[in-house]
Structures are given as structure tokens and as C-alpha cells.
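Two complexes are shown next, each including chain A; its partner changes from chain B in the first to chain C in the second.
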Partner chain A sequence: MSDFAAQVFQNEYLPAGGEVVDAVVTVTAAEGASAGRPNEMVEVIVIDTSGSMQGDRGAKIASARDATKVAIDTLRDGVLFAIVAGTELAQVVYPFGQPLARADERTRTEAKAAVSRVEAKGGTAIGSWLKAASSLIAAAPGAISHVVLMTDGKNEHERPHELDEAIAGSVGQFQCDCLGLGTDWIKAELDKVSSALLGRTDIVPTPGEMEFQFRALTEKAMGKQTGNVALRLWTPQGSQIEFLKQVAPELDDLTPKAQTVSPLVRDYPLGAWAGGEDRDYHLQVRVPVGSVGSERLAARVMLVVGGVEQPAALVRALWTDDERLSTRINREVAHYTGQAELADAIHDGLAARDSGDDETATVKLGRAVQLAHETGNDETVRLLQKVVDVEDPDAGTVRLKREVADVDAMTLDVRSTRTVRVNKSQ
Partner chain B sequence: MPTCTNGHESDTSDYCSICGIAFGEPDAAPVAPPVTEPPPPVPDRATGPSCTNCDSPRNEEDVFCENCGYDFLTGTAPAPEPVVSTGEASEPSAPSGTAPDLEAVVGCDREYFDLMAGDSDLGYPDPEPAEVRIPLTGELLIGRYSQSRGVYPEIDSLATSGDPAVSSRHAMLRLKANGLAIVVDVGSTNGTYLDGATEPIVAGVETELVEGSILRVGAWTRITIAAS
Partner chain C sequence: MSNEPAPDNGGGPSEARRCPTCSEPAPPETKFCENCATELDTGESLSAGPRPRANPAVSAPCVDCGAAGDNIDRDDYCAMCGAKQPDARDHLELDDGAVAAVTDKGLRHRRNEDACSIAALSTGAVLVVCDGVSTTDHPDRASEAAAEIARQVLERAVSQTLATEPGTDLKKAMQDAVDAAQQAVLAVEPIPGGQGNPSTTIVAAMVLDQGDGKLDVLVGWLGDSRGYWIDRSGATQLTVDHSWANEQIDAGLMPEAEAQADTRAHTITRWLGRDATDVEVSVVRQEVPAEGMLLLCSDGLWNYAADPESLFDLVNGMHHLSPLELARQLTAFAVDSGGHDNITVALARFGDQATMSVTDSEPAP
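Then we have the complex of A and B:
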């Protein structure tokens, strides 16, 4: 279990009558070995083996087999694991006759042999896959559990409520990262899964990229040391939490995930952390106005680790009639406000483009190019350049490309929530 | 407990734990009306003791207000004569900051459950929730969170052991000024059992705890007093 620290970046000064307090909170897990015995860890890999995976003349299912084998090789000795093949129902490919196997040379070899025999045939029912993962993971209560779920299609062999129920039943049991292969899957479906299960959704643009992504996700899971961390916020009576968003390494709105602890205290689940990992959060809270010269605590930020509350940081509000103080803009807050606007501009721009509103699309994607360029989000600039021709990045002048590959538009959409950190040395 | 300029009794000494106002700072009339309830009326000393919450008359030894059910043990106002003490007159709670070195370890107890509730409809939690360690400082209410009754216990069975059979106000753990830890059952339905005793402790009576003392409450909740 790691120790956690939090640092607050804010302009604590508000003008007379001001009531909105913004702060960026950086949470860092301490580096180094965890105290006590290491946590039990579970990794379940779920691969879509529906008929459509036979596509690209068998290249899809072949890469899924290869990528799964690479993930198996990435498992640390001692980690509990299982492989599930998903169609209109879920089939446990490995292990045989027990829910989970402990990774060692023998089980890895057996698992890879079993994966080689997987065929693509059948439908797609993602809810049933999650239920299967959940029942396997139940064999190791208290473990840090992670699922990689890969699909190439939409959830068409079960009703939407079945997926919703499966997601609800999995919350708190495991974290899940989703991979969508190609462009025939539905971003909203996988986003729903990964957001509720504290993971993220990414696109696998071509089968050849799957191996790399499976390895990266498995390696990341292997690094986790502390499970079930929550951010606890106390805010004063009469206040309103406008939002709490994770803003780095990627955007994720945590506001709807609040769990009420007591009338003034809320918990937000943050999932498992690796030693040395840090994430940034943007908090906006509306507080009852104080008189000029008075000070109010706008939020007390705490971390709950293994059920134990750790004090972390204070977000303050100081009312002043000195405009030089109250009009200062905090650099971290401004930076992440810009990253959130960038993601919104991309989303709105692509939606306008899909509906044939080229004028709005040009304005929005132009603004996106400008913001990405300004903040040094080079990866997003590169993705935008596949959808628009940039004339002037400083002014945000762009032209929509005539021919855009579906996969490029979808990649931009899926990855628009990736942010860059503010350069704190400036 | 410090009182802020808005009249709130605060659990914390840097900022008010209710309204967040900094201690030692003036707070002029707020622009937005505060959503807080008015501070409890001061009891009228001339006509004898009264409830700090509803002002109705009370007996000195009452644990609850007969009128509004206000709990004199756990209410925000310090209880003047909280319990029938077994020993000396009750001392004030230990002020925070006296470096208490005990903690309450809240967990689940399968054996106790089998004994107490094994044939009831209750299901023992599977998986068992992890133990929760709570530093023993001042007063900690053992109970069950209830928004409708406005009970927010420091040791909340729902948030720790998941036990539904703990009373909303079950028992009070207190660290006294002399460093002694005590427990008082504040009128629970199912009783508080100390160190494997088959009879519950008597409600309203302070019982001393030492490091290693084990309390069992509800259907499966075990609270161990341990050095932190």
C-alpha cells in the first residue's frame, strides 16, 4: 500500500461577491515497494471471437490470438489469470475446470496452446462477457483485478439493458480497459463500459497494432500496487460541487461517480495506482460568498486508501477588493480548461462534419488545432491533420479534407480526451 | 470543540467543519443566505435544564430528549451529564492533539455471526470487506449511517463491515483526558459484547477498554482496540 500526497494549484483570491473556486489537484502515489505482502492480482483477457473477426481474410482473429499470447507472456509470475472468448455467450478458453490459473511457465504454455485453438464464429454480447469475467474474478476477493476487453463490433446479440446490468454488477469488482478493432464498433458502448469500470477505451486502427496495445495494457496493469483508492472531498454547507474531472493523463468526468459519505463529504473512486503514478484533477466548487477580507475553506481533499482516510490538501477562498489579486489566472487551471475545451471542440467538430454542417465543423476543428498547437499537444495536432488541412495553426485557420478515412476520424474522436500536462517548470 | 463565527461547533480547528470559515476571521453577513439550520438555542438556565435542540425540559440523567429524540451523548453540544458513571465523575473528552496511540480496527467476525445470527436471514458478507482502522480520538459513535435520522457515525457499520444489524446509534467510544479508553452502549437494539462475554454490557454505563479489547456488535462486526 502506497502513501499518497496531493498538491493544490489555484488562485485562492476571489473578488467581492465571487463564489466560484477552481483548483487543480495533483495526486501522487509514493514511489517504491509497497509495505507488507504484495497484493493478489488478477488479469482477465476477453477477446471477441464473433464471426466478423474472421474478416480481413482471417487477419483479425490471427492478430487477436497473437496479441493474447503476448499479453500472457507479459503476466508476472504468480498473477492469477484467465482467457475468455466472447461471442453471443462467453467461453472460458483457459484455465480448464477452475476459475483462475496462477501464472508460471507451465500455465503460460498451456494458455497459449489453448488460445491457438480459438476460432471466430458466432455473435457479440458484451454484457455476457463482463458477467463471465466477474464470476471468474469473484474467486479472488480483495485482489487488484483488471480486464482487457477487445471487440470489433457492436453489441447486437443482447438487449442494451443486459449490458447495463452486467456493467452495474461489475462496478467495484474489477477495472476494465476496452479496445475497439477497426471502425465497426460503437464508441458509446465501449465508453460506457470503460468509464463505469475506471478504465479507458482506445482504438486498434489495424490488426497489426493489437499486439503492442495488449502488451502496453497488461504491463500497465502489472504495475499497480494499491487498489480501491478514492478521492474524498469535504465541501462547506451550502456549497455545490460543479465538477470534479480527471484532467491528466486523460480527461474523465468523475462528477457523476460521487458517492455520498455524509452531507458534506463525497467519495470519488480512483481505482488502482502504481507506485510513483500521478494524476491531475480539476475541481470547481461554488461556495457561499464571504465578506471582503474573510477566508473560507472551499474544499478539503483527502484520499481513502484501504478504507483509511489520509489528509491531503486544502482548497481555499479568500475574498479581496484588490483586483490585481482576484484577476490573476492560475496557469494549471487555465491549461486544463483549455484541454477540456480542445476535447469538446473535436467532439463537436466531428459531429458537425458527420451531419454535413461543414461551416461549424471548420470553425470547431480550427479552434481545436489552435488549442492543441498552443498547449503543445502534438499528438492531437497530428491526428487533426488527418482530418483537416492546417493553414495557420496560431489563428486556427483550417480547411476540411475532402477524403478522410473512417479510421482516422474515429481515431481522432477516441483519442481526443488525451491531454498533455502543463509544464510546471515555466 | 471550537465554535466558528457563524455559531457552528467544529470538529476541526483550522477551518469550521460545517461552513469552512477560517477561525479568527470575521465573517460579515453573507450575500447568499446560508442553508444552515439556526444554531441551537441556549437552554434557559432559570427554568432548569432543557434540550439544546428543541428547548423542551429534560431530566439531568436522560440520554435522549423525550420530545425530539436529540441525543445528548452524540449531539453537537457537549453532554453535561452524559452517563451514569461506574467510577469518578466523567471527564471531558481528550482534546484532539494529545497524540492518542490507540485505534479501532473494524472488521468481520464469522464465529460471532454463526453464534448470533447464523440461523437468521442475514447473509455473511462474501467477500469479507477489508479491515478499517480508525484512530481513537475524542468521541467516536459506533452506529449505522441514516440520512433520515441524521445519524452520521464515525464508525459506520455500512461503510466498514457492511453490517445491517448495528443500531443507528449503537455505542460510543471515548478517549478520556487521562488517556483511558471507554465504551458506552447508548441504547442499542442488539447489544454490545465485550471480549467474548455472553451477556452484553449494560447500556449507559462506561466500561474501560484496554489494548486488545474486542467489541462485537450487530450481526458480524468486530471492533478491536489496537495500538496504532
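Then we have the complex of A and C:
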């Protein structure tokens, strides 16, 4: 279990009558070995084996088998694991006759042999896959549990409410990263799963890239040391939390995930953390106005680890009539406000493009190029350049490309929430 | 220290009064331990030293929402509405009759990092003003610790001089006081990864009434907190700021106007703290007629009355006020002028207050 530290970046000063307080909070887990016994860890890999996976002359299912074997080889000795093949129902490929196997040379070999026999045939019912993962993971209560879920298609063999119920039943049981292969899957569906289950959704543009992504996700999961961390926020009476977003390494709005602890205290689940990991959060809170010269605590940020509160960082509001103080722009807040605007501009630009509104698409994607360029978000600039021709990145002048591969547009959309850290742009 | 709990000597005749440091029996009414010279609590206000730092609002309801006092957390915020509760040091007044001091947070700073400590003695006075350096860690604690210990050392020196040791070297006593203050500042731990080692300025004064109509005034300082002597003929600045501009001028490196116009002009070059290269105190000693007043202040005041003439003009109309009221008025003047820094004013008045006025004929109330 790690110790956590939180650092606040904000302009504490508000003008007379000001009520909106913005702060960026950097949360860092301490580096180094965890005290006491290491946590039990569970990894479940769910691969889509529906009929569509037979596509690309069998390349999809072949890649899925290979990527799953690589993931199995990435498991640390002693980690509990299972492999699930998903169609209109979920089938446990490995282990046999028990929910989870403990990784060692023998079980890894057996699991890989079982994966080799997986065939692509049937439908897609993601909710049933989640339910299967959940029932396997229930065999190791208290473990840090992680699921990799890969699909190439829509959730078409169950009703939407069945998926919603499966997600709700999985919240708090495990974290889930989703991978969408190709362009026939629905971003909103996988986003719903990964957001609720504190993971990310990414695209696998071609089958050949699946292996790398499976390995990366599994390695990341193996690095987690502290499970079930929550950010606890106290805000004053009469205040309103406008939002709490994770802003680095990726945008994720945590506002709807608030769990009320007491009238003034809310918890936001952050999932599992690796030693030395750090993440940035942007908090905006509206507080009752104070008189000039007075100070109010706008928020107290705590980390809850294993049910124990760890020390806080304070977000303050000080009212002043000194404009030099109240108009100061905090670098971190400004940076992440820009990264959020960048993601919105991409989303809106692509939506306008899909609906044939080229004028709006050009303006939005131009603004996106400008923001990404300004803030040093080179990866996003690269993805944007596959959708637009950039004339002047400083001014944000672009032209829509006539021919855009679906996979490029989708990749830009899926990865638009990736942010860069504040120091990279300065 | 005067604010340490004293042995309870009110309980019964068997409970002898003892020194809290060395346990030496101490006769009633003695001010210092005869064995180790620790200041003893006489059960009365010997001096107007620092008031308890405990926040008086802790048991009081929240100043903003009125929530019960047990809602005030350790950081002095209300756990209901978040309002910061006033700190005792935001505005503190010390009154020892002829000697008084006021220290105030001002309008711009988040806390008061100035500190002062005073003592009126039967035959003189001791005053100390410290201005914690804002760009260092815990400047408020550094200034408070320095002012308190310096006042104790000086008070002891003055008492001993007058009582038993006429030959006491007062300049050495001043250096001893500054050395003790330096030790106290060094004892304030910096914040790991913080801004810098706790640091503070200091200006300290001993005034001895020689009994022949003259006062022996000795002022020592490090930094830009100042001492002035003010009498019927005007105000005289006794101290010379340890500032970048003054060093340039003294070294002949720059004409005065140019040095004063530089952005570094007011940067202090001497202070107390771990980064101070030496803490040899600058001392000025003057014999003055026993009618007038000694004023020590932080730059929160003198920034708005930089030359002695403007300070004299300010004081001259307020001769009828008590030292405390005068200190309040000067503080209010600095707040009204913008209050950009913490403000501390400590003053000691000698002789007939009415003689202070040369131009103002308004009768005392």
C-alpha cells in the first residue's frame, strides 16, 4: 500500500463578488515497495470470438489468439487469471473447473494451448462477458482485479439495459480497459464500460497492433500496488462542485461518479495505482462569496486508501480588490482548460463532419490544430493531420481532407482525450 | 518564558515557588531565578510579552456562519462554511502603560508575519520588532521566536544594569540578545521542499533612564525594520536599513537616486536565519533628554512615511494620545494608506506627554 501526496495549483485570489474557484490537484503515489504483504492480483482477458472476428481472412482471430498469448506471458508469477471467449454468451477458455488459475509455467502453457483452440463463431453480447468476468473475479475478494476486453463489433445480441445492468454489477469489482478492433465497434458502448469501470477505451486500428496493446495493458495492470483508492472532497456548505475531472494522463470526467459520504463530503473512485504514479485533476467549485479580505476554504482534498484518510491538500479562496492578484492566470489551470477544449473541439469537429456540416467541422478542427500545436500535444497534431490539411497551425487554418480513412477519423476521436502534461508545453 | 505555565503556588503554604528551569526555590515577587536567571512568572503582567498563540476563536462560534466552536478545524477553517477564522496575530495590541505596541496583518497579506515584544521597566524600557521574511518558510514563527527571546535577554540586561551591575556592557547585551534570537530562528524548522529557511529582520531597543534628565538609548538592528527618536525638535531616524540600495550607495557603486530607483533597492542584505552570513548587530547609541519617544516599526509603516519629517508630521498632531492609542493611530494610517504589508509599531514615551507638542495646541482630553 502506497502513501499518497496531493499538491494544489491555483490562483487563490478572487475579485470582489467572485465565486468560482479553479484548481489543479496533482496526486502522486509514493515510489517503492508496498508495506506488508503484496495485494492479490487478478487479470481476466476477454476476447471477442464472434463470427465477424473471422474477417480479414482469419487475421483478426489469429491476432486475437497471439495477443492473448502475449498477455498470458506478461502475467507475473502468482497472479490469478482467466481467459474468456465472448460471443452471445461468455465461455471460459481457461482455467477448467475452477474460476481462476495462479500463473506459473504450467498454467501459462495450458492457457496458451487452450487459446489456440478458440474459434470465431457466434454473436456479441458484451454484458454477458462482463457478468462472466465478474463471477470469476468474485472468487478472489479484495484482490486488485483488472479486465482487458477486446471486441470488433456492436453489442447486438442483448438489449442495452442488459449491458447497463452488467456494468452496474461490475462497478467496484474490477477495472476494465476496452479495445475496439477496426471501425465496426461503437465508441459510446465501450466508453460506457471503461468509464464506469475506471479504465480507458482505445482503438486497435489493425489486427497487427493488437499484440502490442495487449502487452502494454497487461504490463500496466501488473504494476498496480494499491487498489480501491478514492479521492475525498470536502466542500463548504452552500457550495456546488461544478466538476472534478481527471486531466492527465487522460481526460475523464469524475463528476458523475461522486459518492456522497456526508452532506459536505464526496468520494470519487480512482481505482488502482502503481508506485510513483501521478495523475492530475481539475476541480471547479462554486463557493458562497466572502467579503474582500476574507478567506474561505473552497475544498479539502484527501485520499482514501484502504478505508483510511490520508492528509489533505487545501484549495482556498481569498477575496481581494487588488486586480493584479485576482486576474493572475494559473498556468496549470489554463493548460488543462486548453486540453479539455481541445478534446471538445475534436469531438464537435468530427460530429459536424459526419453530419455534412463542413463549415463547422473546419472551424472546430482548425481550433483543435491550433490548441494541440500551442500546447505541444504532438501526438494529437499527428492524428489531426490525417483528417485535415493544416495551412497555418498558429492561426488554426485548415482544410478538410477529401479522402479520410474511417480508421483515421475513429482513431482521432478515440484518442482525443489524451492530454499532455503542463511542463511539456512551456 | 513568561508564557510557560508557572508552578502553582496558590494552592497552599507548603507549595514553595520554584524556578521552572532549574527548580531553585524562588522568593515571592522575584522576577528572575537567582541560580539560572530564567525569567519567573510573578503572577502579574511583568511585561506585555507575546499573547498565547492559541486561536481565541477556537471555542467561539464561526465568525461567518455561526457554527459551534467545535467545528473549527486545526487549520482554523470552519468545517461547515470553510471561513478562515481570525488569527490572534491578525491584530494584536500590547499595552504596558508608557510602552505599547500594535501589530496588524494589513490588507494584502494572508497572515501577520511581524512580531513584537515590549516591556516597561521602572527605569527604562525594552522594545523589539521583527518582520518575518515572506519568501521563507514560517516567517511568522521566526519573527515571533526572535522578538520574544530578544526582549527577555534585553530586559534582564537592563534590570541587572540598574540593580547591581552598573558596568554591564549594553552593546554586548544587544549582541547577546541578537545571538539568542538567531538561535531561536534556527530552531524553526524549514518545510521540506519549501521556499527557504525561516528568516526575519530585527530591531531592538533598550532605554535606560539615567536619573539626571537624560536617557541612554541603544538600538540594534539587522534588516530594514527601523528605530526613530521623536521629540519636540523633530524625528530622527536612528537606524540605517540594511538594504541593497544603501549598500550600493555606501560602497560608492551607484549614485543614491539610481540605487533607490533600482528594483532591488529594498531587498534586505542582513537578517536572522540559517542563510544569514553573520549576525553581528548594527548598533546606535544616543544620550537624549528624557522627554520624547522612541518608535520602532516594520516597513509596513515606514513605507507610507519614509522620511522622518513625514513621520513627525503624523505624530505631532496626536500628542494627547496614550502610547497604545498612538500606536493604533499610526497602524490605522498605514492600513488606510493601502496596508500592502504587515504593520508593526512599538513605542515608548518618556517625560510629560504634553511637551511633545510644539505646534499643536489642542488640549489633552
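Keep this in mind: the second predicted complex is superposed on the first by the 423 of 426 C-alpha atoms of A that agree within 3 Å, B and C clash if a C-alpha of one lies under 4 Å from a C-alpha of the other, contacts with A are read in each partner's own complex, and residues count from 1 in each chain.
Quick note on the criterion: a contact is a pair of C-beta atoms (placed from the backbone, for glycine too) under 8 Å apart; a residue touches a chain by one contact, two chains touch by 3 or more.
Because the structure is a prediction, the values reported are computed rather than measured.
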| item | value |
| --- | --- |
| Overlay on chain A: chain C relative to chain B, clash or fit | clash |
| Residue contacts with chain A in the superposition, chain B compared against chain C | B |
| Touching partner for A:322 - first (chain B), second (chain C), both, neither | second |
| Which superposed partner A:290 touches (first chain B, second chain C, both, neither) | both |
| First, second, both or neither for A:264, with chain B first and chain C second | both |
| First (chain B), second (chain C), both or neither touched by A:236 | both |
| Which of chain B and chain C A:298 touches, first, second, both or neither | both |
| Stretch of chain B penetrating chain C in the combined three-chain arrangement, among 9-17, 81-89, 99-107 or 117-125 | 9-17 |
| Touching both chain C and chain B, counted on chain A across the two superposed complexes | 234-239, 264, 287-288, 290, 293-298, 300, 314 |
| For the chain B and chain A complex, residues of the former touching the latter | 14-22, 25-32, 34-36, 126-134, 145, 147, 152, 159-160 |
| For the chain C and chain A complex, residues of the former touching the latter | 64-65, 75, 77-84, 107-108, 110 |
| Chain C contact footprint on chain A (complex, rising order) | 234-239, 264, 287-288, 290, 293-298, 300, 314, 317-318, 320, 322 |
| For the chain A and chain B complex, residues of the former touching the latter | 17, 19, 138, 141-142, 234-239, 261-264, 287-291, 293-298, 300, 306-308, 314 |
